[in-house]
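In what comes next, chain A is part of two complexes: it sits with chain B in the first one and with chain C in the second one.
Let's turn to the complex of A and B:
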């Protein structure tokens, strides 16, 4: 993956339709994944013998943070673990495996199974501002905009199971089940946004 | 309808007299209509000379029941649950709507929305008041009334975002596209609240202009409309020489001071702010601005760029400085006295050892070795030797002593204390390669399926940093116990309590919530059968004409023996059929307990069988249920004693056993009555003789 000067963790370059020669940078900022260790974990042991752990007995989980890759994991005693904070799917897998290895060393019979990426969050910036009210009007009922509740217009694509939030400045955040879906969602929504754009006067 | 043409003479001149209620043809004089129904309101004089209109209020919805004046307590009975829901919903809507001062038309529309919501089962799992508030807000939005979601949340004392979530969901499900909020809608309302007296209208107009200007300057997208209104009203008030402070405005508009100030500063940044009052009223600038957040972002980017440039420039300067620094240092080195004697030897010793180390490990290791790693390896090698001498561990692999430690470590996963060698760690490359070797040899493919951990790319060195050693564990344990003393105490108390209760025998396990079972699909061969099955499963409403149904079903005798109502009816007739023995035994056992009226028995039997047949959860026993059971029993006795298949008989006994405890007080008499007799006895007693 090539890098652009201002986005060090860019993961995708997409050439939009011919009307736009520049490429849009889609930066994946968060990947959430879950996996199972197939064994019961004693949270107290983990809490007492690990560094970088926070034990929350009321909720019944342990938060463990890894430095590299920068990942926060919620560990439950049933053996289910949720990993958040990775910047790519591979990184999430690596971090998960590292975590499992750490637990293995603490003495649990850890097996790494059912690894699944649950959610991917990406950010993208359009080179133009968007008129949210027009955008919502054109795309009812898929799009919804409630300024009292949230400053962005929400656009949900059922087929891709992706949600896109469009801000009036042109920045767009996309959440979806995997990176490919996210990219497709941006491609789908781009022409709609292009219609309701507001050229920036500089 | 008044006739336009006379029947006798064909004349169209017809005189309709409302008072007499007659229509007469003026040409031939024949009376065309007599006693015309007139829709007029009549008045009656009551006691004390008070005249009141004649008539009754009829509710627009719900079952058409004559209002019971005397026996009020029975008004709830006989209504379906759905009607009750709608009724209570309507009441709540009226209550909430009147607080918001909505007119009747809006309230009716809100009630229609509510009906739609209930029919789509969207009320499940949501608080009714949330749903009602969302319906009301939906109406407000479609009608364009100046009500905010904040008002509703104020009244209900509920978080705005929760209400908003419900509202969004309802709007999506009902496919209602509410038009976007326009801040202009709120201006008159807020202006009124700010009490400008006679000049309210003018101030509102000015504020409206301001808001429109703000819209064109892109200040309103993504912002709460109330904030903009507040800023506009503040400026407008000042323009008309009213002294309204920020505090007054925010108390009316419900935003905080910071927001208001921000809006004002943003407006200040637009070119319109430079105009004088008169100019503003007259002129409208063509130019539009960018959204303020965008300009802020641009500003940030610019600052970052500047910083980068500065940093670069600094680098250049630093480069020069470091050059000088190096030169100075080399000079100093030269002038420093050299180590002599043992120190020199010591300094030299390290080098040959390093060379040895290098040569021995040159094969497995990559040639690129950083200087920093060397002392690590040195001590490590040394320590490895020490450890292995102590523990007398055999060499498992011939890759070198280096290889054994991680491999054996990996093989024994239960090892509690990490050996020193592991703590010091290995080079990532060697570790991973060796581990890879071991794991590819020992493991089969399909790692993810077996659940084994693929350690590719994971360095043990790092992992071990995450694990504390014993002393640290002790310290942490103490700290943790001290910190969470309360929680631990609570847990202990809970345990003690449970223990005590267990000893006493009064320990009750928390009952898990019963999941509501899904309704089964009705499979039927004919329409008649389907109706029968539906009747059993569903509560019977008062709107069905049983006579007609009976006639329908009498035609459908051919429906198979699998139809359960026939079973129900044939059971009272055939207690001695062999396939039903186990059931009968149950029943006989219970009959010895008490005696009750026939009608009750019929209802119980019917109810019992209904429960046997369907697996729906036990519902509240209401009169309707009793009716239902009787209707089943009234299934035509003409249905022959169909042979009842064994599996069906088997199923009910087990079901009966389950539900025995629930039905301990139900009694059944052994004498079986024909279905028709049951109907005759039923009459109107069933309503009172409810069984619990």
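Let's turn to the complex of A and C:
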């Protein structure tokens, strides 16, 4: 599929171990980024003259949806904008710049600044099912599992600021501050999950 | 040692001259104070200084004790839960929270004490006792665990069944069953459910309810019992009905049917309607039937043409998963009914974030002045009507 590890087609691979040639697909499903326009924005003007916008006066923001890349932006009158829905960091930046251009054309003195990726959400599927009770027992207190509250076990890596949710089917969702951390988190947790696998066929 | 000479004039004529209650030694020649004693010999302990025990803390401890008495737990659990409540109450995370949250905290302390001392109990029981929002209880429980650094073991469903049957189920005489038989049958059904991916990721109480209901029906599969719905059963047994239990019953029946089909002496087709009569046999010969069912299923899969061998493209992953669900006898619902992942747009392959953005592209996001006027007019008309 993709040659380089962090290619813009938003999947990342890593070799599970040296003997196993199969790679694990980490699919980035959402990237949240913020930036500032360094000027006040009149939300009513944006709501009137922009298309694909939803004005929410009760909250004090405007939602603007871009078609390409598929991004939703929350625009506040202070000039702070949050973009969600991108599938890679570069796509998020492109979408943010496109939005800034759009606001510029609407007549605001926009200066694209302080762009920062805040959160990345990725999903990954292990080729085996996981015995969550064993996984939690082996990794206390970093891992926690309360079946009555949530069906997944939560594993938090403080150093990477990443949170991993492991489901018994082997599906894993990872949230972290950037794609690099997310991939590292999966690499770190993989051997722990491998230890606690349960056979898929019963 | 008391100084004999005055530091001011150097004279040695020093007399004891107390100022009210404070003892002082004064030089007669120059009048300077050479030394003075303490004003009071003991610290004064008045009502303003003494700390009264906190009323809400005491109330909370009594509340957790009451819950322990209702649950009829050991003395050790009562003491442990009070200790934890005391600790948690004084922790900064819980000191200034609302009284409702403190009540929930008492419930969580009881729960964690039961877990630590191996007394099988579910969160649902505590929810019933304190009658609070499940989200709030979950939140308080997680916070308490992290604040007090407790590592509580996970409760297995099979351990909880016995206590649930003994304490919560109150069947009248004509519907009663020996609790040992009921427990044995319900535990076996839950173990079968666990092997068939029915238990994992689901809340335990509806599964227990489904297992107990099916166990009760199967121990004496009379027409009357088979006709009794789950709702009626819950009314008879005086327990609350949980809606997901209906789905669990259907899933367990489906799993039982897969095994029931392999019973050699049953001639008729085993369907969810008549499977309850065969439950005892199925559970007795569970492992043998499971082996037979797996062999049959494998033969069936090998006979059908293999469609997953050669396939490329973004759908490969989904197809592999779908086949995984078909290849095995039991699979989780998320695999059997796998969601199709949305196809990645090929145009965005080479995005770097710093491309040129053409004006025409941006114009598609901006209304023309005429359009803006029309929009404003339409909005006004809409607001007026």
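Keep in mind that, in the parts below, the second predicted complex is superposed on the first by the 191 of 202 C-alpha atoms of A that agree within 3 Å, B and C clash if a C-alpha of one lies under 4 Å from a C-alpha of the other, contacts with A are read in each partner's own complex, and residues count from 1 in each chain.
Rule of thumb we're sticking to: contacts are C-beta pairs under 8 Å (C-beta built on N, C-alpha and C of every residue); 3 or more make two chains touch, one makes a residue touch a chain.
Computed from a predicted model, the values in this text were never measured in an experiment.
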| item | value |
| --- | --- |
| Partners on chain A (chain B, chain C) - clash or fit | clash |
| Partner chain(s) touched by A:121 [first = chain B, second = chain C, both, neither] | neither |
| First (chain B), second (chain C), both or neither touched by A:87 | second |
| Partner chain(s) touched by A:192 [first = chain B, second = chain C, both, neither] | neither |
| Which superposed partner A:133 touches (first chain B, second chain C, both, neither) | both |
| Contacts of A:55 with chain B and chain C, given as first, second, both or neither | first |
| Contacts of A:105 with chain B and chain C, given as first, second, both or neither | both |
| First, second, both or neither for A:145, with chain B first and chain C second | both |
| Partner chain(s) touched by A:38 [first = chain B, second = chain C, both, neither] | first |
| Contacts of A:157 with chain B and chain C, given as first, second, both or neither | neither |
| Clash with chain C (superposed arrangement) - responsible stretch of chain B out of 19-27, 37-45, 217-225 or 433-441 | 217-225 |
| Contacts on chain A seen with chain B and repeated with chain C across the two complexes | 48-52, 66, 68, 94, 97-98, 101-102, 105-106, 132-133, 136, 140-141, 144-149, 151-152, 167-169, 200-202 |
| Chain A - residues contacting chain C, complex | 8-10, 25, 27, 48-52, 64, 66, 68-69, 87-94, 97-98, 101-102, 105-106, 125, 132-133, 136, 140-141, 144-149, 151-152, 167-169, 171, 200-202 |
| Footprint of chain B on chain A - complex, ascending | 38, 47-52, 55, 57-58, 66, 68, 94, 97-98, 100-102, 104-107, 109-113, 115, 129, 131-133, 136-137, 140-141, 144-149, 151-152, 167-170, 198, 200-202 |
| Contact footprint of chain A on chain B as seen in their complex | 148-150, 160-161, 164, 167-168, 171-172, 175, 177, 180-181, 218, 220-226, 287-291, 293-294, 297, 413-416, 418, 447-448, 450-455, 457-458, 460, 462-468, 473, 476-477, 480, 484, 487 |
| Chain C to chain A touching residues, read off their complex | 122-124, 138, 141-142, 145, 149, 151, 154, 195-197, 200-204, 294, 317, 321, 324, 327-330, 332, 334-335, 341, 344, 347-355, 357, 359, 361-367, 372, 375-376 |
